[in-house]
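First chain A sits with chain B, and in the next complex the same chain sits with chain C.
Let's turn to the complex of A and B:
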């Protein structure tokens, strides 16, 4: 089972890399959907294990919530938002994509050397799972600060959340149910508010480039 | 000695005969996903047969480079065939370092192809050559890093030994990092065989073509040799991919020699068909990139292979 988790964490890291190499908001949303699907798969494996070994079914409920919210609802909402705002094909990122991808490689190495110097970390596959999942958090952060338009930044936030969740699940093999539920409610509120903000931004500035917010002054 | 010659013959004949089939399968997959009936799977054989009958038109201003290039492309592809065993019971040629030999044999063919594109002085040819050189230069690091990572894992730079070692370790299942190496090599192969996100194989006389632009001036027998050489190169790269990452074929010595050989050839053909279907599906699900977006793909592929290397040799320790 540990092997499957390592494979899945590697695939989730791969989707994070794919995300940072994407250029268009449509493909961000597709990649995010794929990443959430992998997340749901990881949770499902964990959930079945918990169900049969210990009789807890709460991780399965969380898996269902992930499928409904992160695989279906949030990407659809973002796609609808994206379809309704003014779409201008323009450069959406601050520095070139090859540079960002190479920075991500640096992030993975940095995460490894940070985690290896912590007390109580055991070597082996568990370590690689944690390295991959913590890297996903930091790559999400880099993605968020590297995009100009609001949709990309929302996706960055969601990827950070995915990374946090996957780190939690690899470290503890299932967080308490109430914590997961709280995070999901937070997340759904945040995404709905952000989607509305994107509409507002589009109405005011006829663009969703967040840099234009600076023009408010004076 | 005789066994070796027989092995070489089986290998070369199989690869030459199978190569156009891969193109046919990819085209058929594309047609079926687009709800067309499409050309028959064997269409490329008919095309090659027809082209071999026809006479050639050679430009007056071209030099000897233009005339020898089809032979060089075909011959380098054929020589490269000998280094990629299609089954572990057939080992035609192998020595330490044949991995590097293989890559540079293919690069030699590519070098002459770009020269021939420049030779006739047509604008399309020159454009195609410069693009081809750019793409292969930025894709090379990813291929090198992933192949040498496999080499380091197997402690050898000989393809058959890497293949045997991968088979002992369980192929792709040996370590999760191999998924990253596999994806990286898949990207390189798609770029090297002029497939869709990088180059469109179905286009003629458009400003976006790369490989087709270089062979635009060829006709008749020369064109047949160029296209056949490209098809052989594509099959070689697919063979390298499936045999390094999924080397699940029966080892010699288990049963009778002939039976093992037939079984492993059957498995090999299955693997090639699956890989062609995969490439066809990738082709229908992507659009062609702008030329200046190709470095993004190359960077992604290189970094994936590099992280695979890190996970195998640095982080996994």
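Let's turn to the complex of A and C:
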């Protein structure tokens, strides 16, 4: 099973790289959907294992929730939001894409050397999986600061959340079920709140470029 | 008993959804806040008697959470009474509509609910969920007036705090990872179990967990350099909301840091690891806020920066982690909450009268608004740490604890920073009391219910500097013993 997890965590890291290289909000949303699908696959493998080995079905429920929320509902909601505010085509990244990709490689190397040097972390496959998943969190952060439009920042936040989730899965085989459930409720509320904020920003500023938010300083 | 809190909150939310009459909404708000106070009274009494309350598997209340919960509910009660007058005045001047009042109360109830959840959860995971939910429930309260500046503040608030709080979740995951070999089943992530078995947790992972929770909850608590959203959000929100954000929410975020620090300190057997981090970040917070305060032009922003400064003091005190410092930190939390929310309530009345948040536009405050002006004036002295007010007492005990711990330079530097803050408040805000009010147009009748509450709070912070009820002393001492683990 560890072999599958290593492959999947690498694929999830790969989608994070893909995301950083995306230029348009539509492609961000597609990449996010693909990443969530991989997430669901990982959870499904874990869930089947738990079901047959220990008789717990709660990881399967979480997997179902991921498919409903992260693969279907949230990307659709974001696509709808994007369609409603996207009448101006704006360039949406600060520095050049190759530079950002090189920075991402740096992030992975940094995470690798930080985690490998820590005593008490399990050696071997778990460590590689952790390196991959913590890198996804940091790449999500980089993505957030490299994009100007509100949609990009929301996707960044969601990728950070995906990274957190797989870190939880790989490191500890999942948080307690009730906590996972609560995190999902929080996540869905957060996305709805952010989507509403995007509409309000668009109404008031006629744009969702967050560089225009400059009134409050000091 | 504890679950009654959540039932009352849910019931109130249901009422807000289905009722549309303004008076009824006010009545429900005040009566639910009063019920909360009553429940909190009984809960606190049993905590004082029995130590801790467990119920229904996830509910957990000890002296520390009871103390912060009491602050939340007392200030929530005052805010509910103040809000009636504030909202009525805004409706009269045509700035708000009745449907917005409904939304306001609904969001306030949800906001209170999330704070209560964070403070009474046994599991650190649920506590995280509660703290994250406070951002989501209060973001529309921050952007309540929907003007450009409000939306800007709200966007910064929700984005920065959400990212910050995600890092705290990573911290919680690492905390979980450090304990998987020790705890199982329903004990996973439960604070009392983690604390009891702290010695067996894996130290290296725990250290990592502490850094992430410090950065994550520190973002919510307004610690520098993650504080940038705070002055915007606290100054743009309607004043009763600002009072809750500054007076209550910051403590709730700090609560997450204290809980984690207690586990890590017990595991490592000394406080030097968390101490170095906390003291560094606390001093940086105080330094940045003290410098920023010197250049402010907006009185609500000024108060927001002052909140950052006080969070810095509390962080330093928790970093010292001696019994006296922890006692001072908890006492300071109580005092700062009362004083700062009083100042924000007063600033709301000032705003209703002058229709401006700029210091330059406020002149002759004492003549224009004698009662509010006096409360604001005395409140500024109190927040700057002048005796006989209660903030002086707690700041003094923290500084004394710092010197007692042998940190001479740190203590001297803190005193210097506090002096800078005092000068900043005197230089910048005292301008509001000079001069004569320009326009003589009669303003709308003031916020009477709010003014009564201002006087009540002024009495509380004045008396608190000279005399403390035994129950409060006992509650704080119990919380201190719990965290030190003696």
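Here is the rule we use: the second predicted complex is superposed on the first by the 212 of 218 C-alpha atoms of A that agree within 3 Å, B and C clash if a C-alpha of one lies under 4 Å from a C-alpha of the other, contacts with A are read in each partner's own complex, and residues count from 1 in each chain.
As a convention for this text, a contact is a pair of C-beta atoms (placed from the backbone, for glycine too) under 8 Å apart; a residue touches a chain by one contact, two chains touch by 3 or more.
Small disclaimer: the values here were computed from a predicted structure and weren't measured.
With chain A as the common reference, chain B sits beside chain C without any clash. Looking at the shared chain after the overlay, A:197 reaches chain C, while chain B stays out of its contact range. When the two structures are aligned on the shared chain, A:72 is found in touch with neither chain B nor chain C. After overlaying the two complexes on the shared chain, residue contacts for A:1 are found with neither chain B nor chain C.
Within the superposed three-chain arrangement, the count of touched residues of chain A is higher for C, of the candidates chain B and chain C.
Between the C-alpha centres of chain B and chain C, as viewed from that of chain A after superposition on chain A, lies an angle of 160 degrees, to the nearest 10. In the overlay built on the shared chain, the residue A:18 is in contact with chain B alone; chain C does not reach it. Put simply, the nearest alpha carbons of chain B and chain C end up 20 Å apart when the two models share chain A. Touched by chain B in one complex and by chain C in the other is not one residue of chain A.
Residue ranges on chain A touching chain B, taken from their complex, read 3, 6-7, 9-11, 13-14, 17-18, 21, 23, 97-98, 101-102, 104-105, 108-109, 112, 123, 127-128, 131. In the complex of the two chains, the chain A residues touching chain C come out as 118-121, 134, 137, 141, 144, 150, 153, 157, 160-161, 164, 167-168, 171-172, 175-176, 178-179, 182-183, 185-186, 189-190, 193-194, 197, 200-201, 204-205, 210, 213-216, 218. The touching residues of chain C, when paired with chain A in their complex, are 58, 123, 125-126, 128-129, 132-133, 136, 139-140, 143, 146-149, 151-156, 158-159, 162-163, 166, 169-170, 172-174, 176-177, 180, 188-189, 202-205, 208, 231-232, 235-236, 292, 295-297, 301.
Within the complex, the chain B residues that touch chain A are 176-177, 179-180, 183, 293, 295-300, 303-304, 306-307, 310-311, 314-317.
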